[in-house]
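Here's a structure for you.
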Amino acid sequence: MRVSRPDQGLEIRAVSKSFRLNGAPLPVLDGIELSIKPGEFVTIVGASGCGKSTLLRMVVGLDGDYDGEIVHAGKRVSEPSLSRGIVFQEPRLFPWLTVSRNVAMGLENAPMTAAEKARSVADHLALVGLTDFRDAYPGQLSGGMAQRTAIARGLINRPDLLLLDEPFGALDALTRARLQRELQSIWSRERITMLLVTHDVDEAVFLGDRVVVMSPRPGRIAHIFDVPLPRPRKRTDDALVRLRNEVLLALEEATDDTAAEIVDFPRRDRDGASRPAHLRPDAEAV
Amino acid sequence: MAIAELPLPIARYHAPRRSRRAWSRAGLGLLLPAALLAFWAVGTAYRLFPPQVLPPPSLVWDSAVDTFRSGKLLSYAAISFYRVVVGFVIGAGVGLVLGVAMGLSRTVDDYVRPLFTAIAQVPNLGWIPLLVLLLGIGETLKLTIIAKAAFIPMVLNTADGIRRVSPQLLEVARSFRFSNSQLLRLVVLPAAVPSIFTGFRYGLAKAWTALVAVELLAASEGLGYLLVWGRQMFWMDLVIFAIIIIGVIGFAMDFCLTRAETYLQRWRTEPEQ
Amino acid sequence: MSRALDRRRWTRFRRGVTLPVLLIALWFFATHAGLVDSRLLPPIEAVLRAGRVEWTEGALLQNLEASLFRNLAGFAIGSTLGLAFGMALGISPLIEKLCGPLFHGLRQVALLAWVPLICMWLGLGEASKIAFIAIAAFVPVALNTYQGARAAPPQLLEVSRVLLLSPRQMFRRVYLPAALPSVVTGIHLALIYSWLATIGAEYFMALGPGLGGLILAGRDRFEMDLVILGVFILGLVGFALNLIAQFAAGRLLRWE
């Protein structure tokens, strides 16, 4: 268990960001204010297009171009750091490396001896239950196992902050439920600050101490819910179900309530949830 | 894929199979060549073709044995082999470096690609007379042509492979604060290896073709020269034998390269196209 | 956004012409300052002059026509046969088992190694040249068609069996469209290889007009300007053929 120091928290102050699409600025995030205490588990839930993934990338440091302040461990975040780990929606494992080598990738720049690194890799593989598969290649793994490997890799540097971008979105329901439980138990044991982004309300409420509901276009925080329920949580728990319904309601409100902005998206249909605008990777940031 | 299905220990990709099906497949495949061979032997025995056009297989075999006994086969094969290997190493080596540079840097690509494409438009064969006038007909000419033949596909495939490296994997590496040299060494180059190997194979095939071409045109020894000699002397059997040898060596080289590729990429589980 | 794209294109163009322009300038300077033997590297004007001479007095047009005609004939024959054979290999497991190994074995032989054989069987005339070019076109088309036909998705084949499609319908509706991208690649390659083979044929079976003959004549007479001219035209035709192939491929595979 790690010691939480007060300056290891995350501060997001008045953060905004715009992309450029076809010459016009496309606001993606607007005035995000969020304060995360060390050791907290915060989930962000919102429909596609509310900028939650963009926010996560900015917090981890892959995108340093934004207005406002993101402060972690007392410093403004503008580039990646080993004190911040990230798990993406795709496992993003290196196909030519075994499971253990993939996890060890994270220690490439860590100031440890080879023996220490090996110990750490073994420990983290045990943590996610993949010790028996340390010599398997990603091509031989199931989706759930690959994502577990990615989680081990995200934790290997013992970061203060672990960011998870819809980590279970690509998995089937059963695997997803199981991995959510595993993530919860990892968090309970290690007490790493976690910020998880998802579009699944059940997941958000099951995992988080606080649930942040975002509204899309541009991404804004619509509501923050407290989840004062003890862990391990039961999905059938009355209080949990009630809270979940509240969050779902808030989410629906936030999503339908989108301002009728005249931003021309290539696809926009009215089937209850607007289709997301897919930003091209070469869209220039303003 | 359920955990129960995962083989433990991890099964080796490309495990050899000695099944009955494999044998029957080989048998059927040999049927046509065997039939042709039989037809050839019988045809020449009954004088269906004039002997200058198609000598009997026994004659081809005799000349094969002769060439081998006189040491010519080995020395010519060695010379051709040496030319191909040296030329290929030079051409592929330079091609690899240039391909990496072009793949990594848009600027380099912008400057080099048009000129490169222009040179690539002229078939290797077209360059031979030009280079003969410039370099004479010595070893330099042959090595240059072979190197150039290997160079072109190497550059194309390498640049392509480097450019195709998944940006997602690069992001992961960046999140671990990889320096540029780490990115290159640990992510970009390994990810580009399949394309680089494709470049090797095409380069080798082109180098081999170029070797035959240049030996046909401007050589006094080598397997290509064997062809020329046979033709000039109207020794069809020698020509046929030389063709067989050239085919066999070409196949052997490609086979070794494929094996090496499979070994280096044993992490691949999807079938390669 | 489009302005940024234009700027990018202009930058690319600007950079792309730098090296060729520099080389031409170097060529001009080196020849005029007497830095190189003019027999090894004639001045640019000499090449242009040779071009003009060949066009007006020489037989440049006829040579070019002859080469192109052979190229087309061999390409057409080889591609058609290759298409048929490749399809047969891809569709019928029996034919594949029977003829596959022989085909794969024969195609290992470097293309030019066939020249002496063809010469001895068919002489040095048109027939042998076209035969050689046809072989050059045959191999990539057959190979790619075979791979394309093999890539027909088994799910679609199952569906067609359930729908009781006749073999001819299956061919037209499943095998052919599934193989089309590979076939197009194969034909593209065949175009390149057949041009290569045309020149090769003209080198080795040097009977009759042709661009290759022109280049060889230049080499024999040690007239570098002629050789350079020939090589330049060679590249130009190769480039044009490549362009045509890319354009055709783009049109045929619009849905990709």
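For reference, chains read A, B and C in written order, and residue numbers begin at 1 within each chain.
Just so it is clear, contacts are C-beta pairs under 8 Å (C-beta built on N, C-alpha and C of every residue); 3 or more make two chains touch, one makes a residue touch a chain.
Nothing here was measured: the structure is a model prediction, and the numbers come from that model.
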Inset, instruction - Report the chain closest to the protein's overall CA mean, measuring from each chain's own CA mean. - result: B
Legend entry - Centroid comparison with subunit A (C-alpha atoms), farthest chain: C
Legend entry - Between subunit B and subunit A, distance of the C-alpha-averaged centres to the nearest whole Å: 48
Inset, instruction - Determine the centre-to-centre distance between subunit B and subunit C, using the mean Cα coordinates as centres, and give it in whole Å. - result: 19
Legend entry - Centre distance in Å when subunit A and subunit C are each reduced to the mean of their C-alpha atoms: 52
Inset, instruction - Give the residues of subunit A that touch two or more other chains, as numbers and ranges in rising order. - result: none
Legend entry - Residue ranges of subunit C touching subunit B (in the complex, touch as defined): 11-12, 15-20, 23, 40, 97-102, 105-106, 108-117, 119-121, 147, 151, 192, 195-196, 199-200, 203-204, 215-216, 218-219, 222, 224, 227-228, 230-231, 234-236, 238-239, 242
Legend entry - subunit B-touching residues of subunit A, taken from the complex the two chains share: 60-62, 79-82, 84-86, 88, 90, 92, 94-98, 105-106, 108-109, 132-133, 135-142, 145, 157, 281
Inset, instruction - Could you pull out which subunit B residues touch subunit A in their complex? - result: 1-3, 6, 8-10, 167-169, 171-179, 182, 186-187, 190-191, 193, 265-270
Legend entry - Footprint of subunit C on subunit B - complex, ascending: 25, 28-33, 36, 52-53, 107, 110-115, 118-119, 121-127, 129-130, 132-134, 208-209, 211-213, 216-217, 224, 227-228, 230-231, 234, 236, 239-240, 242-243, 246-248, 250-251, 254, 273
